[in-house]
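Both complexes shown next keep chain A, but they swap its partner, so chain B is in the first and chain C is in the second.
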Partner chain A sequence: MERAVPYTVPLGQREVFQALQRLHMTIFSQSVSPCGKFLASGNNYGQIAIFSLSAALSSEAKEESKKPIVTFQAHDGPVYSMVSTDRHLFSAGDGEVKAWLWVEILKKGCKELWRRQPPYRTSLEVPEINALLLVPKENSLILAGGDCQLHTMDLETGTFTALRGHTDYIHCLALRERNPEVLSGGEDGAVRLWDLRMAKEVQTIEVYKHEECSRPHNGRWIGCLATDSDWMVCGGGPALTLWHLRSSTPTTIFPMWAPQKHVTFYQDLILSAGQGPCVNQWQLSGELKAQVPGSSPGLLSLSLNQQPAAPECKVLTAAGSSCRVDVFTNLGYRAFSLSF
Partner chain B sequence: MGAVTDDEVIRKRLLIDGDGAGDDRRINLLVKSFIKWCNSGSQEEGYSQYQRMLSTLSQCEFSMGKTLLVYDMNLREMENYEKIYKDIECSIAGAHEKIAECKKQILQAKRIRKNRQEYDALAKVIQHHPDRHDTLKALEALGKELEHLSHIKESVEDKLELRRKQFHVLLSTIHELQQTLENDEKLSEVDEAQETSLEADPKP
Partner chain C sequence: MSSESSKKRKPKVIRSDGAPAEGKRNRSDTEQEGKYYSEEAEVDLRDPGRDYELYKYTCQELQRLMAEIQDLKSRGGKDVAAEIEDRRIQSCVHFMTLKKLNRLAHIRLKKGRDQTHEAKQKVDAYHLQLQNLLYEVMHLQKEITKCLEFKSKHEEIDLVSLEEFYREAPPDISKADITKGDPHQQTLARLDWELEQRKRLAEKYRECLSNKEKILKEIEVKKEYLSSLQPRLNSIMQASLPVQEYLFMPYDQAHKQYETARHLPPPLYVLFVQATAYGQACAHMKSSQPPRQDKTLSVAIEGSVDEAKALFKPHEDSQDDESDSDAEEEQTTKRRRPTLGVQLDDKRKEMLKRHPLSLMLDLKCKDDSVLHLTFYYLMNLNIMTVKAKVTTTTELITPISAGDLLSPDSVLSCLYPGDHGKKTPNPANQYQFDKVGILTLRDYVLELGHPYLWVQKLGGLHFPKEHPQQTVIADHSLSASHMETTMKLLKTRVQSRLALHKQFASLEHGIIPVTSDCQYLFPAKVVSRLVKWVTIAHEDYMELPFTKDIVEAGLAGDTNLYYMALVERGTAKLQAAVVLNPGYSSIPPIFQLCLNWKGEKTNSNDDNIRAMESEVNVCYTELCGPRPGHQLLTNQLQRLCVLLDVYLETESHDDSVEGPKEFPQEKMCLRLFRGPSRMKPFKYNHPQGFFSHR
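After this line comes the complex of A and B, so read on.
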């Protein structure tokens, strides 16, 4: 619980401004460093803050360990999505993607390595990039967002290829390891599977057309996607559903009325978060195993730190419509919160 | 150098017997009584003092023996504690290994549970669809009915063709007969005309 500022101390302009900023902050994206000991989070002001997980989890953690070790202004607009490779951090916001070196960031150097903008159809539009996906086998980065296309950027040469098919903007991406295929879900209510080598659409699942899971009063947008090679979970406007990909049939519908914004597979569970302060844990059979409340009124992103280099920092972090990142050491309860 | 050893000596003596009520005092008393005995005059006093000194000496020896025994006991207790400490360390290591083993088993069990739940989910969907044998049988029955009906249709069409041909034959025969009758009529008319003209001719 945060202590309120005592009334007798007069607040300067700067403190008032910072307090207001924290009040209106939304954290859109998170990413774990390759060593597993640091967490980067990006907010709606375009700032990226790096928290030290190892310091906050250690036994001598104090209040200052829950504050960021570095904060820098990364983009002019919000940082909607971030992803890490074993040396770089890629962050994407309004229209462009920037790369940063983790070693530089940890040394508090805030200079970007490069910035690229995928070729948009018109030069007037600056669509936001909602999702980034790393495809390690092809060494490429996929960007998707407001211009309804998936742009594949080859990380060595920097060339872009576009995949067209969606009719409305794209919210989320997921990688299907085995084939390898990319799934994308968007505002048009369809989940499309793309084969990267042939660069075309292989399968389309129109979720809103299946009456078991569609909820027309919420809309048909797909807000979150996760895949486990044979299975896929998607949610958003329609109910959160587990699909069997090969037969394109919905198998289990999770009874959650609030639209979910982020979902992921973990061991034998499905973790989801969305409107509402709780992280929900579901069994594949559709039962709600646990609902663990966090500290933000709504959650936008979940991140599981499974980096093998730091097993002591294996935590789940959740962030959303507040300036706090909740850390769950054990999926059963919220241990503490990091704060911008 | 002298000051250091003095401090050491004072510390040691205070540690051993600070309050002056025990062995240290006894030894000091013994030394003082020895000096007194050496300086004493009479025989019996000297003898009684000598006896007293012997008893003090034996008391000192007794307390020394006690201290030695306590020291041995402490050493043996220390060994015992060392052994227990090592045992506990071994069991801690064993427990750590068991914990790691159990964690692996939990992961395995979770994987199994996940597979089972995936199977259940697919099975539920499959159950909604009708049984394959039933549908195959229904398909076969429908196929047979279709064949049967097409046979009937063929036979009916053949009959229709036959009747059509028979009617055609009948109608063409009727037409021929009609033609023949007309021809006959015409021939008979011509014959009549010829006859009347012949009758008209011989009159002049």
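After this line comes the complex of A and C, so read on.
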């Protein structure tokens, strides 16, 4: 009879606190190292953990190899966004962007290389940075978030230029590779297309105004964006919708009730995740191809490791409102979870 | 030429010798032997070199003669025959010579061999002799080393140093003139002196022994005298009692207590001594106040001393009896099954028997509430148990939900993490239980008291898991090292329980009793109201749909207390399942939320509900209030009400629905949403009174 109740180890004050912290952890951002073998993920306590994908995926992987090889306090507030270049890891959260050297991180010497703060107009509260976007052609980094502006930071000189237009804070950014144009989506419900060279807004799509995708009970906000040539997919409060950019018309509306927080093109599929434990796979025609369950109640970020340097680590990782990062070795099922 | 002639002569002689030998074969042997000798002797006389020359010469002659004969024969003719004959004769002579030479050669050879043999034998003999001698030498050397290594017994004797010897020994023993030059004599003398000295010491020893004997006798006499004094003193003591009472001098009482304490079993005795000492130490530290009044810790012994005495005397006998009867019983049980149950019952009772004496510890807290602890000792299990009771100065109105807070069963549960006091700490007990069919001690703790680990430690009992010992002995130092921490923990426990008790009384009536010094944590206007605060069972908690995470994280053990709170505002109902760890308030109560408003919202489908949980569970340190933070639960609940207000007021309004918002925004917020997960501004900024994001 006594065996039926799970045996619980007596916990002291510290252990209880740690357990509670883990329980209330949210992983906001992920980024794969330039070598493709490591995954950085940032949580709501401002910590960045580095996982070794190659160790966790190897045949002799143990429980320890699913734990971070190093964890360090990067920011005071949550780490909302991270991107990697071939040498650096940029992380951003509360107002600041910090640069770290991957080489140093992997040597476990975690000292920031530099930190920069774009000029903010408000002083009452430091606006957060929700999205980072690298524009390799221009050698610049775009920061967007709480102050409703896009800040383009020149990586060589460190100077900021601001793009103004949004009326509420910005959730997400996406890059059109061919002609350096940037898409941004925000709380105000608009997707705006910016020409970087001319530094001005060229197109606006107010998604919530289209009846077929508007969902007033969920709000107007655009939580995720992705582009592929002339196509754009966005979701959030309004339904997840595929748009043709030149004609500004919604092409496909994906039948997903829950608000989506991350979307990406993958081959001829669209992967999306949001409220609910599943990674959704869509055909472009709007058919739901598969729903693969993960271990978190809600997902906030997906990361496809497509680094050519490490073909054996080609995986999809998904993280959200738990301390676990789900790893999908193929798109069919969750292989295992990395854990803070 | 002369050699030539001698050669010629010799063969002649030989021939003359040989001819008769051949001619007269039947001559006597002696003559023949004599001739042999002569030939052997001849060998010595002749020179072998010359014999060789002679041999060569004879051979040449023979060749020549043969050639001539051949020559003559080929020529033919008559005269040839005679000449041939002549030559044949000459040849024959030469042949004789050859024969002689051959014999001589043989004799020489034999002689040579004999000589060699002889020489060889001689060499062998010498060799043997040499070896014998070598062996002898070795043996002698060994003997020598043995002699050199010989240790005399006197070397082990520790002698006085040389100077001392010459200084102290009488001259007739030391004999300086002889011994100074001769170490052997010197050693002998020193040994003599040693012997002398030892004899003297032996004498002294005997003297001392007799002295001791004498003193012992004296002591005996004095003892008798003293024991005769005891009854008299007793009577004086008895007579002085009224005086003592009159003057409030508790000497006799203390004395009596110590007298009784002698009959305590060792663990209780250790506890008694350590607790008394600790109590005195505490009283001394606050010496400014009158000592009697301030006694935070008082110790008393209860139970019948006579029974304890009776238990002590025939202890060994009774144990023997028991083991005998055990054996008998085992036999009888096999024969008569029906009595098995009754016998087992008796055996169980015997096993769980308490020592007739128990120890009462009264621990007084700051607010004059008292924790009464009664310690028992289970003799056969060698463990201690405790029963606890809390009394307060003012009568407590017991709220229904506070039922378990001060109950003797749970008030001290998990004083140290995991120490729930339901299992026996002595690993040996399990085997004893198996014998009499007790499954676990859990079923008996209500009656016996809880065998918490800290109780064993206070009694100096230690049961290491790694090295089970045969006998566990009560250890004073162990008890002393745990006394202070445990007493402090006990006090904190009682205070936190009383604080909770008080808070529960209000909570049950829907009032959140925020104290004035915690008011700054919350805005002045809080609309959400607590409407229900009830206790729920552990099983019910486990079955709630929204507490899965806590259960999986191992935070919902059965030693915790479980409650359900309901906070309401308008049509919105927020259920909060609360885990109250016995370690409150150092371990915070854990809240799990479920909001019923426009559907059911929990942490699995709403990030903001999750954030609200984290606000009360993780950021609890800012809600502790003034030390020691016993107001935490109240503050957490009030915070929950504030959070619900913020949640409801900042919920985005659905444009498509007609009519005004149910909850107009009254709180000042910098921004409504922030970050990718669209968090609401839950953080309250005190003096300015606005809400912002964490």
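In this section, the second predicted complex is superposed on the first by the 327 of 340 C-alpha atoms of A that agree within 3 Å, B and C clash if a C-alpha of one lies under 4 Å from a C-alpha of the other, contacts with A are read in each partner's own complex, and residues count from 1 in each chain.
Criterion: a residue touches a chain if its C-beta (ideal position, glycine included) is under 8 Å from a C-beta of that chain, and two chains touch if they have at least 3 such contacts.
The structure presented is a predicted model; accordingly, all values stated were derived computationally and were not measured.
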Partner chain in contact with A:Asn179 - chain B first, chain C second, else both or neither: neither
First, second, both or neither for A:Trp231, with chain B first and chain C second: first
Contacts of A:Gln283 with chain B and chain C, given as first, second, both or neither: first
Touched partner set for A:Phe28, first chain B, second chain C, both or neither: second
Chain B versus chain C as contact partner of A:Thr251, first or second or both or neither: first
Most chain A residues touched (candidates chain B, chain C): C
Touching partner for A:Tyr169 - first (chain B), second (chain C), both, neither: second
Which superposed partner A:Leu20 touches (first chain B, second chain C, both, neither): second
Chain B versus chain C as contact partner of A:Gln306, first or second or both or neither: neither
For the chain A and chain B complex, residues of the former touching the latter: 230-231, 242, 244, 247, 249, 251-252, 267-268, 283-285
Residues on chain C engaged by chain A in the complex (per definition of touch): 414, 417-419, 549-551, 553-558, 581, 583, 586-588, 590, 603-605, 607, 610, 613-614, 617-618, 652, 654-656, 670-671, 673-678, 692-694
Chain C partner contacts - residues on chain A that touch it in the complex: 5-6, 8-13, 16-17, 19-24, 26, 28, 77-78, 80, 124-125, 128, 130, 146, 169, 171, 187, 216-217, 219, 221, 223, 261, 275-276, 297-298, 300, 321
For the chain B and chain A complex, residues of the former touching the latter: 107, 110-111, 113-114, 117-118, 120-122, 124-125
